[in-house]
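Next up: some structures, all given as structure tokens.
Two complexes are shown next, each including chain A; its partner changes from chain B in the first to chain C in the second.
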Partner chain A sequence: MSLTIGSMMALSFVVSLIALAFLIWAVASRQFRMDQGDAELIFPGGEGGDHQPDDPTSFGFREKAEPGEGTDTRHRMLLFALIGFGTFWLVFGSIFGVIASLKLNIPDWLSGSAPMTFGRVRTVHLNTVIYGWLSLAGIAVAMFIIPRIFKTHLRGVNFGWAGLVLWNIGVAAGAWAIATGWTDGMEWLEIPRPIDIILAAGGACFAIPLVMTALKRNVHHIYVTGWYYLAALVWFPVLFVLGNLPMHSGVQQATVNWWFAHNVLGLWLTPIGVGAAYYILPKIIGKPIYSYRLSLLGFWALALFYSQVGMHHLIGGPVPTWVVTLSVVQSVMMFVPVIAVAVNQHVLWATNLWAFKQSLPLRFVAFGAVMYTLASFQGSMEAVRAINTVTHFTHYTVGHAHLGAYAFVSLVLFGTVYYMMPILTGRLWPAPKLISLHFWLVAIGFGIYFISLTIGGWLQGLAMLDASRDWLESMQLTQPYLRGRTLGGTLMTLGHAIFAINLVSLLFASRREATPAATGAPATTAG
Partner chain B sequence: MSQHDNQRPEPQRTPLKESAFEPYEVNRPIPVLVLAVTVALVAWGVYTLWADSGPSTEAAAEAEAPVAGIDSDPAIADNPSALVSAGSTIFAANCATCHQANGSGISEAVPPLVGSRYVNGSAETPVQILLHGIKGRIEVAGNSYDGRMPRFGETLTDQEIAAVVSYIRQQWGNSAAFVEPAFVAQQRDRFAADRGPWNGGAELEQVTGVPARLARATDTEASQ
Partner chain C sequence: MNKIFPLAVVAFAILAFATLMLVILPAAQIRTVAPAEGLEPYTPAEARGRQHYVDLGCYYCHSQQPRSPEQAPDLQRGWGRPTTPSDYVYDNPHLLGTMRTGPDLMNVGVRMPSQGWHLTHLYQPRAIEPTSIMPAYPFLFEVKQNPDEDDVIVPVPPEYAPENGGTVVAKQSALDLTDYLLSLDRNYPAKDWELRDLGYDREEAR
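Right after this comes the complex of A and B.
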């Protein structure tokens, strides 16, 4: 009975392996004709030699809009609106995150009103940062990069505007519904189904312009960022609709729930972050990515292995053993795409450390790229039963979630926004020091947050496993670490406020070419 | 922070145009080390799936253990007091989490066994509920419940079901007759094992004749 389904699932693993072997063979025997020569043909300019990093905090933009670079006015206004609303949800969601964290220190605080109880505050935090901030900013980045790598302008901008309106209504209504206690009751799927319909419609409106743009592309070769973004645009709508269909119950529901929740990270947020890093790192540094073949391996291994990763959240639950085992195996197989992406991206920035001194966005993006590697390695290990036994149901998992969704995806998005805004506005960031302050606030804040929760969560897990210790002890010992969590979270939230201030200040910045005199910076020669 | 900024060149530098450089990828081969890691992971994955594919799991073995001794012992089958004492072990392992050790159930969530007309009436009712599980609306002891109970037809043998039903029919003031394993076997044959849970008190009424609603008599009266 279960053997039939079990062998089918095992078969899917075997098929993935065969596909992977075929891919490696095809790459090795040069079945893919697109090589460096073609790439250079498409992207004139060649390998960057000695020049300054391509950092818009260091150059002024000419007002002349360049066709094919995605800079017509309506397109630009859409990107500003996406980033603006995304940032609003970021600050809003962060405040709720800090409130939730404070509640672990001061349990009775704000417990008088139902919307401000921990269960709802934490859930509002999760949904607003995932669906509000990360998704909107991710769409903005996709709408910035996709027309550029396809050498055309963004089509269907009006769909984008419709998507913006619908999506914001959906997120706002979802946050309101959760606060009033109206939820679907499954993690990551809390937003009630009627509101999900609004979000699904909004998501479709975001996808249409990007797909239309891809169809009208003026290049034959699709740069690796394009693969990730186009794939994510297919994966996420399928995930979101299937995850929300009211057709699952009981154990099936739990399985579908975690299948969805983990895939939001791996097949939606990860492509957004990895794709952006794949574009921004070489763009700023001015040198190409290490290996096209590794890009292929990284992308296809993610596509083949990720979708069954989520069920490791049900280790110890009443699901068939083979479901969990398959999920554990697929989780560990994620080392393959992560190593491929790591080699590709880290070799590039690690051999060009000079650029860090001069580029602020690069700091964010490279930091985020490293965090992707760390988060994925940690995630693969956490899926192994021996480690999961300790970390499951502890704060350790919360630390890991923030390593992936925050230190990786958010940091990459911060850097990308800092990179693209001067290009889009033709204005310089008025206060680069505030960008630096933003970086250090979120980097240090995240460090405190992550280390606290990792140590505290691990100790908590060990205490819960020790039958000779009272359960309450496992709660009490986390208290100092939970204060660290609040401290780190507060620093990150301050960083987000600085980010918002930076964006607002750009509105009031003068629209002119920067001169060394105007910015007060010393005019140094190119290094 | 300002210390850092003082040490490195100002990020705000000479104005430039956006660089014409477009990102691309060099056509280098995949490093051998990456391929080696991939092959090693594949080997590990195949082995793990293979090693874990057997039917036995720790959880199942644990659940079997406490009741293993009584599932086919002929000495117990004909002996009511042995049956009831074996039933108490099975009850503690499988039922007490929800129905509570004293059979009181949980207010508004799990129906009580104490004084329930389903437990104390004809023995076919509790046996059928255990065999197939039950979901939906059911009225017990004057309160209405709407929950779900899993089936035990696969996990418990006829003798184990006879033991636990006998136990709950003679505990906490209940005083109905004990149930023989043969009777459970006979009840098991009435319906397909995978027919799904009973649909609340309404369907039980059709099958066993226990009325879903009691207009005249209270539960307590029915059980006496």
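Right after this comes the complex of A and C.
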């Protein structure tokens, strides 16, 4: 089939008409009619009035539990299990990440057996941190926030338990399969298809309670976090099933591969992180986000633009020019939703620095939210052909991937877990200093990691483009930067160990009586 | 927004549109492309070797997609001409790659046509290039005191020779992997040039 300009225009026309019809319906049924008052739905008193800052660690417990707050023991136990297993995969996956990094420094270390070769260790790292840590912790956060914004209890908890069991079996079997050489052989899709079926079943079990709870909600309006989570629950299953269908080959398979891989970031991990930040930041500070209407633009622009950026992984490759250019354009368009989210979130915490100083969970989440802005700006620039020609095929890209998946999503999840655990257990963190240590280890570790790979990757790319230099130079010059990466990654891994210790320490913490919330805010806070 | 079903439908529709643009329309163009003249299907040994290339994760460090001369000096480095979809017809899974921690391998069979070179390099890359950071794959080889007649003996410099003496012999997996690497040859003329990304090419070059 040949694609003519005419057929593309006809297609655009039809799609525009359908979109217009939806827009007219949405305006007529007042779907977009929302005001700043709706943003206050997440506070106990509802719209209007002053809200208390809310973070038990810094401001003490509130007197009364909120509707939807984990009063149900089975719900609470499920959240603990999700976070516990997620943290296990985090530590496990980080260790594999450090081993993989060390192997580029000491190539003959642990080279005696196939499961410990670089290509497998690296892949076990990626799959366990994405599907083990980020997905399980993300589901825990969703199962914590969704009942609260809908002011009801979580339904279908047993499905959640079934999901937990299936998902963990899937991740463990996937890691084992990759280590033993059983793989589908595409980045982000390595886990073999029979094991994918277990993961798909587990994912469905996770989605059922969330959807059931959403359908039984006690509020009219869906808070912005709910848009991201409900949409992600539509997107991820479609991506996962279509991406794994064994019906592609050759270059066409590469387009499916990168359609999937970038959408996992954009339509699964990003909604998890952005949705959590949209809830936690205002919740801890006690003030609504800057402009609730703007969040509407941020959400729909993300859906529209992010879903089409995948082919920027194939710039300069054997795929048709028009589809690469389409993805480059959509990548740059990502500035729109990212700026919308940035205005909403950063103005809020930056005008309430007192809370940033007092609340450790807020510090993690705000740091993560800033990293989302930076990662997206960087991603948009990297997709521009003139820059991509340097950064493609280099360690620069690896640094960028960790800026998004780690500094953004993981840090938001750390902060959210630090916020929710005292509420769920009624216990305060016994050693807040260790939370601070966790923060500084991962922040400094990540800084070293990112700066090393960014500089090293850029120089590597320039060397590769220079015909007067032997290719080997481009590899040799990265050596000191790859050692820097190992150092940064080790610090991050130590931080994860501290995170695990903090979680375990909560088991031994004494239960505190709920004390009236101390007002952490100074009398005069700039609004 | 206060309705779940329309939210889900529109979210789904947007992803469906993206799938149309990024997957279905490109597939309509390249899915049925014929193999280039000069491209051979993999032999059973090459296919087994390719499977080792996949399961050992070689493609995480080696791309298989030379860039155009307008963009990068790949041709000058001996990595071959830019590729088009018809060069990959028999590839499943695809191995285009995203990193060049090692060099591009699309034409390594042309550039490095010696079986012995590949076997030594797989056994110990630093025996050939001292600064290499490629993993060694000693588990694809075995050390024999008295190799059989049909064993393929791997030349290994003294500093990397087995400690207890003996001869390094290639296992079938190493031979298959080498067969695959030697088969990587896209030296014939390109077909369907318009189906690759020409975004870096000057107008007159098209």
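Brief remarks on what is shown
Here, the second predicted complex is superposed on the first by the 456 of 527 C-alpha atoms of A that agree within 3 Å, B and C clash if a C-alpha of one lies under 4 Å from a C-alpha of the other, contacts with A are read in each partner's own complex, and residues count from 1 in each chain.
We adopt the following convention: contacts are C-beta pairs under 8 Å (C-beta built on N, C-alpha and C of every residue); 3 or more make two chains touch, one makes a residue touch a chain.
Remember, predicted model here, so these are calculated numbers, not experimental data.
When both complexes are overlaid on chain A, the residue A:T325 reaches chain B and chain C alike.
In the superposition on chain A, contact of A:H220 is made with chain C only, not with chain B.
In the overlay built on the shared chain, the residue A:A405 is in contact with neither chain B nor chain C. Contacts of A:F22 after superposition: chain C is touched, whereas chain B is not reached. In the overlay built on the shared chain, the residue A:N257 is in contact with chain C alone; chain B does not reach it. Of the two partner chains placed around the shared chain by superposition, chain C is the only one that A:G310 touches, whereas chain B remains out of contact.
By the touch criterion defined above, A:A467 lies against chain C but remains apart from chain B after alignment on the C-alpha atoms of chain A.
Overlap of the chain B and chain C interfaces on chain A comprises residues 321, 325-326, 328.
Of all residues in chain C, those touching chain A in their complex are 1-4, 6-8, 10-15, 17-19, 21-23, 25-31, 33, 54-61, 63, 65, 67-68, 71-73, 76-77, 82-85, 87-103, 125-126, 129, 131-139, 194-200. Residue ranges of chain A in contact with chain C, taken from their complex: 1-3, 15, 18, 22, 25-26, 29, 31-32, 34, 103-105, 107-108, 111-114, 117-120, 122-123, 181-187, 214-215, 220-222, 227, 230-231, 234-235, 238-239, 242, 248-257, 259, 263, 267, 296, 303-304, 307-308, 310-311, 313-321, 323-328, 385, 389, 392-395, 397-398, 464-467, 471-472, 474-476, 479. Every residue of chain A that touches chain B in the complex is listed here, in rising order: 6, 10, 13, 17, 20, 24, 27-28, 35-36, 39-40, 42-46, 48, 51-52, 54-62, 148-149, 223-225, 278-279, 281-283, 286, 288-295, 297, 321-322, 325-326, 328-330, 332-333, 335-336, 339-340, 343-344, 357-360, 423, 428, 432-433, 435-437, 440, 513-516, 519-526. Residues 1-2, 4-5, 8-31, 34-35, 37-38, 41-42, 44-46, 48-49, 52-53, 57 of chain B are the ones touching chain A in the complex.
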